[in-house]
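Which chain is which? They are A, B, C and D, in the order written, and residues in each are numbered from 1.
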Amino acid sequence: MSGIWGNKIKISIFGESHGKAIGITIDGLKPGNEIDLNYIKEQMKRRAPGLTNLSTARKEQDEFQILSGYFNGRTTGTPLCAIILNNDTHSEDYKKTSNMLRPGHADFTGRVKYHNFNDYRGGGHFSGRLTAPLVFAGALCRKILEKRGIVIGSRIESIGKIRDKSSVDIVSVNKDTLLDLSKDGFPVLDKACGEKMKESILKSKGEGDSLGGIIETIVINLPAGIGDPFFDSVESTLSHLLFSVPAVKGVEFGEGFNITTMKGSEANDEYYMSKDNNIKTYTNNNGGILGGITNGMPLVFRAAVKPTPSIAKTQKTVNIENRENVILKIKGRHDPCIVPRAVPVIEAITAIGILNLMEE
Amino acid sequence: MSGIWGNKIKISIFGESHGKAIGITIDGLKPGNEIDLNYIKEQMKRRAPGLTNLSTARKEQDEFQILSGYFNGRTTGTPLCAIILNNDTHSEDYKKTSNMLRPGHADFTGRVKYHNFNDYRGGGHFSGRLTAPLVFAGALCRKILEKRGIVIGSRIESIGKIRDKSSVDIVSVNKDTLLDLSKDGFPVLDKACGEKMKESILKSKGEGDSLGGIIETIVINLPAGIGDPFFDSVESTLSHLLFSVPAVKGVEFGEGFNITTMKGSEANDEYYMSKDNNIKTYTNNNGGILGGITNGMPLVFRAAVKPTPSIAKTQKTVNIENRENVILKIKGRHDPCIVPRAVPVIEAITAIGILNLMEE
Amino acid sequence: MSGIWGNKIKISIFGESHGKAIGITIDGLKPGNEIDLNYIKEQMKRRAPGLTNLSTARKEQDEFQILSGYFNGRTTGTPLCAIILNNDTHSEDYKKTSNMLRPGHADFTGRVKYHNFNDYRGGGHFSGRLTAPLVFAGALCRKILEKRGIVIGSRIESIGKIRDKSSVDIVSVNKDTLLDLSKDGFPVLDKACGEKMKESILKSKGEGDSLGGIIETIVINLPAGIGDPFFDSVESTLSHLLFSVPAVKGVEFGEGFNITTMKGSEANDEYYMSKDNNIKTYTNNNGGILGGITNGMPLVFRAAVKPTPSIAKTQKTVNIENRENVILKIKGRHDPCIVPRAVPVIEAITAIGILNLMEE
Amino acid sequence: MSGIWGNKIKISIFGESHGKAIGITIDGLKPGNEIDLNYIKEQMKRRAPGLTNLSTARKEQDEFQILSGYFNGRTTGTPLCAIILNNDTHSEDYKKTSNMLRPGHADFTGRVKYHNFNDYRGGGHFSGRLTAPLVFAGALCRKILEKRGIVIGSRIESIGKIRDKSSVDIVSVNKDTLLDLSKDGFPVLDKACGEKMKESILKSKGEGDSLGGIIETIVINLPAGIGDPFFDSVESTLSHLLFSVPAVKGVEFGEGFNITTMKGSEANDEYYMSKDNNIKTYTNNNGGILGGITNGMPLVFRAAVKPTPSIAKTQKTVNIENRENVILKIKGRHDPCIVPRAVPVIEAITAIGILNLMEE
């Protein structure tokens, strides 16, 4: 079983890439929240393919229909289901090679798991396309958080081996910085680095290859006291969701893996009383979380996104029907780098996770 | 809410460091599993403090009592509860400074979360001591997995800035290597590196400071097909549990963050038919998981463990009662590096997570 | 939160009576189950209104569309979502009286619960119409159970004060009896009683009033050993679902309330070895369940369905806007007795509950 | 799996009748609730055996120890575990007959379920003794509810065929009536009926037989708006818990099964504005629940408790080892009627269910 998550905000996703529709049901939204359809569309557009030469040429309109839980422009408090009908599907591209396991994809594991009965076309239920409903749900949650002053923003920290030279001040980052990043289709701090990243993606595309990268996400204005020790820790909750996003292979909070190279006296975030009588820390190596619970400092984490497995280069693989070694050449239209389109997905799922932790 | 996790194997933990007892209830164990009490004791001894000069001088016997779900040497299939009575507690050490927030600890977030009603002594419910029941439960699960041929092993990949120079062959690691690591109280591949790591820990201890490190864990002989896409992916399940372990700040699978620096053509694990007619991959950059589901290759992940926040050095902090800046000097007996004792905890929680994913 | 249930078979329902669509997502169906669309249609037709003069004149086609989890005529193992688009809605009928609380309905409680933001038209999310997706899901589950030999059947035990004079032999009822009942739109054993029941419904309709009744349901060929003590008992599981069906106000297993009038020596079902070396009981007062677990005898329970609250007679109520006492006369087309249409719903939800208990 | 229930207040029970201990962990209690140990003891005493000649002669002290989640007299907000050590067990009584299936008990179903590995002594995990931890948890929850003005009370409506002639005014029952009932070890309204009930129990005891009965429970001062449509309805939630109590075979809300004999015009609870400007109903046939949600009227339900299956009379059964028909004569000390001791259990589990529904 796979498609349901949450306890206060429960989401239930469904759909296959080339089936009739994909969608999501959100249970637990409080009644009376205004739904800003334009805001949702903007968020979904950030994820949609076909917008720049950095992404796949596939055009997916991602036009959603809200089927329930929505009345007079607001949430009703009952389950809200939205669907996106599928179209522009070149299923034939996939049929030809459906017995050839695409390396890095779930073709093999999906077949084993579902005893060959799964819809393999376009990755089926494993498709990155399933992240569109997550962005829909995330937009709803994010708007609710924003009304409470909570702002989410991300930057691309690296593409392949190119890193953003500048870094966010994770102790005192403000709302404007995060909102600016959110408006940028390729959010980096050092624009020159950003250009180099884009060039490397296009170069990779030209070579029939692909690139990955790291996304850094920050959430500000979270009150202290959210989350729990152990199994409902903020880290547990968010990592659970982040690792649900296809292609994510690593998650770290605050200084993350780097904190292991620090001494305790360096890593510990020392406290002080701020001028406005709040308890703050001088540093934020713990990324705003101690004992699984927010401490009021910015929440900071990073997600590692692997290079798109769909590449044009020939690859060694096996034909699972006749169990022979073969050479595979994938056709179809694919993203040379999924990182820019993954940014709104990461932010969306963060919004879902945070609202789930906060909602009573 | 915090203390319950799982769907097929459900665990429910409870306890505070200086309360009457800590414990765990495990629901969902199949009836008829022989319980090897010596094996459990061994596993718990690996985690217990006071054994070497690398760990705290606190002696905790960690003697467990099984209260239920156990009859004639076997599991009954009903909830199995085990408790560990607390003793050797120097509660006075903590009382003196209970209003002084210890940096890096959950003193502040716990107070906010629980409105000051939580048992602060020794970290209370946030104490690393709560990992003892997890090791108990993990030992039960691990033994069940071992009967199916599944073996778990770990090594300390780094302590502070010192890295184990050798590396595990994550494509073809065998059972013996993992079992050898399991028997070692300080498991590294390059023994010389291990000695340097130990020295650095003792040096750090002498300075009143602490160190962190990275633990690499490997699980072999898992069948392909375990896990689910999206919310019950192997990565989601294990990261959820791993981030429940106090001090873990990062988790990565396979090449993890490093995979972002590879091209798709390098990152993709190409398939081939093995001599014994199995589908295998030449490389294992995805750590044995594709689409959230095991592919039959070794499961590989790494956890970043932060330096112990309890250090003897003076630290800046605030007194939360009178809200003034103060200087804190923590007394008491603490681990200069929790990494070696975290190894069996990581392995235990891995066993719980894997059995939960596999059990029907 | 309300719309998600289950652990092995998870269902997630959504929709409002006069919204765009109603639907259900079923997560946890094993891959490879053939889906018999005609069978589903038949089951849904049993519930659909407008078929006889005993039910409402509203015509609802209840044409379902499967959006996901379905490929080449079979379940894929991924979440299966089906929707039914709404039509033939006379929303105006409801608008006029939307501030007048209909006695026996959820108008008042829904308003309080959802702070007036719920879609009140046609009962909104509280509408009996939401049982259509349950029948869809139940049909899928029932077919899977039937392949294992498990058969579900029901009879109308009473309508108002008229009781079916005959009774099912709950010790040795066979498959044919249950299948015959399933094919009958008004299943009773004593046909003459059945005619009287129908007459009383029509009489009640003529008086602008309504009737309720009791449905007895039987499941045969369940293996012994299904269910759990305490919180996952068969009774807990089924009653949870049965009380989710609108209008159900009582549930009893075996002799139910009547068992309280028996002595222990009468109530206890004594065991014997059957000729085919099975352990059976002479009587079945416990309805096939002991300690929350099936014992291999027929599972028997009864559900009390209250008279349809929508009646044409004038009723006292309040206008919730101006908080004044008023007289309400409900227009619209309503069932004079929901019992016959509730039979397939009860059976459907039973199938869901049983499969959830059985599936591993 | 069986022993965990709840979403906001989660309970996890464990233990066997003749094992080391039985107990419960409660997760989700808000921090800072004063724990009234005497109140808990009183409640547990109401359930404890050996107090009058109406119950078993077994003496169980039911002395609980709180192991966690409790500090300075209050809940800490972390999981609260309490255990009761077992003693006064005559395990030998059970061993002799352990292969002889006791009719009406879970001996057979438990064996099948747990493949013979369950602890059969004294009913093991199926023992009514497991209700002691439920009463402990219920007492905690009940006290929290009482501070909000919510009062729970019950009466024995019938023992065998003898019914309490008087009835509670379920429209306007007040707190004092309920508190009086709570203090009575054998709560009935018509004391003469109560005496007859007691006599019938003693008569039954003399005959080596047993009796059952019906318990009516009422909860007042619940605000309107608690519960949900469908799967988290008040009826679903409470019936789930009530059917977890051993021996309960029927549950009905409001008029329950009797409502099926009423016309809609009789069954509908008409609304009016009360003098203090509240919306009330003239009648309460729906037992305070509409659409699964409380309407502010008293919550009323009834539970059918079957006669104690342990009787001294000889019974036909089978020896499951050699699969032969045998005659069983149960020895040991048993309740001739469990109803009076079930009253506090029903109330306790009601308190847990209600708090779970109300807690945010």
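Here is the rule we go by: a contact is a pair of C-beta atoms (placed from the backbone, for glycine too) under 8 Å apart; a residue touches a chain by one contact, two chains touch by 3 or more.
Keep in mind that what you see is a predicted model, and the values were worked out from it rather than measured.
S.K.: Compared with chain A, which chain's mean CA position is the farthest off?
M.R.: Relative to chain A, the chain with the farthest C-alpha centre is D.
S.K.: Between B-C and A-C, which chain pair is linked by more C-beta pairs in contact?
M.R.: So, comparing the two chain pairs, more contacts are at A-C.
S.K.: At the chain A/chain B interface, shared numbers over all numbers used: above half (same) or below half (different)?
M.R.: Mostly same residues: over half of the interface numbers shared.
S.K.: Please report how many Å separate the Cα centroid of chain A from that of chain C, as a whole number.
M.R.: So the centre of chain A lies 40 Å away from the centre of chain C.
S.K.: Report, in whole Å, the distance between the mean C-alpha point of chain B and the mean C-alpha point of chain C.
M.R.: Each chain reduced to its C-alpha mean, chain B and chain C end up 47 Å apart.
S.K.: With chain centres taken as the means of their Cα atoms, state the distance from chain A to chain B in Å.
M.R.: 26
S.K.: Could you pull out the residues of chain B that touch at least 2 other chains?
M.R.: Each of 1-4, 13, 78, 113, 125, 229 in chain B touches at least two other chains.
S.K.: Given the complex with chain C, which residues does chain D contribute to the contact?
M.R.: Against chain C, chain D makes touches at 1-5, 13, 101, 103-106, 108-110, 112-113, 125-126, 130, 158, 160-161, 204, 209-214, 224-225, 227-233, 235-237, 239-244, 246, 248-257, 259-273, 277, 279, 281-282, 286-287, 289-295, 302, 304-311, 313, 315-318, 320, 323-325.
S.K.: Which stretch or stretches of chain D touch chain B in the complex?
M.R.: So the residues of chain D touching chain B come out as 1-4, 8, 10, 12-16, 19-23, 25, 27-28, 31-32, 65-72, 74-81, 83, 113-115, 117-119, 124-125.
S.K.: Could you list, by residue number, the parts of chain A that touch chain D in their complex?
M.R.: Residues 7, 78, 229, 360.
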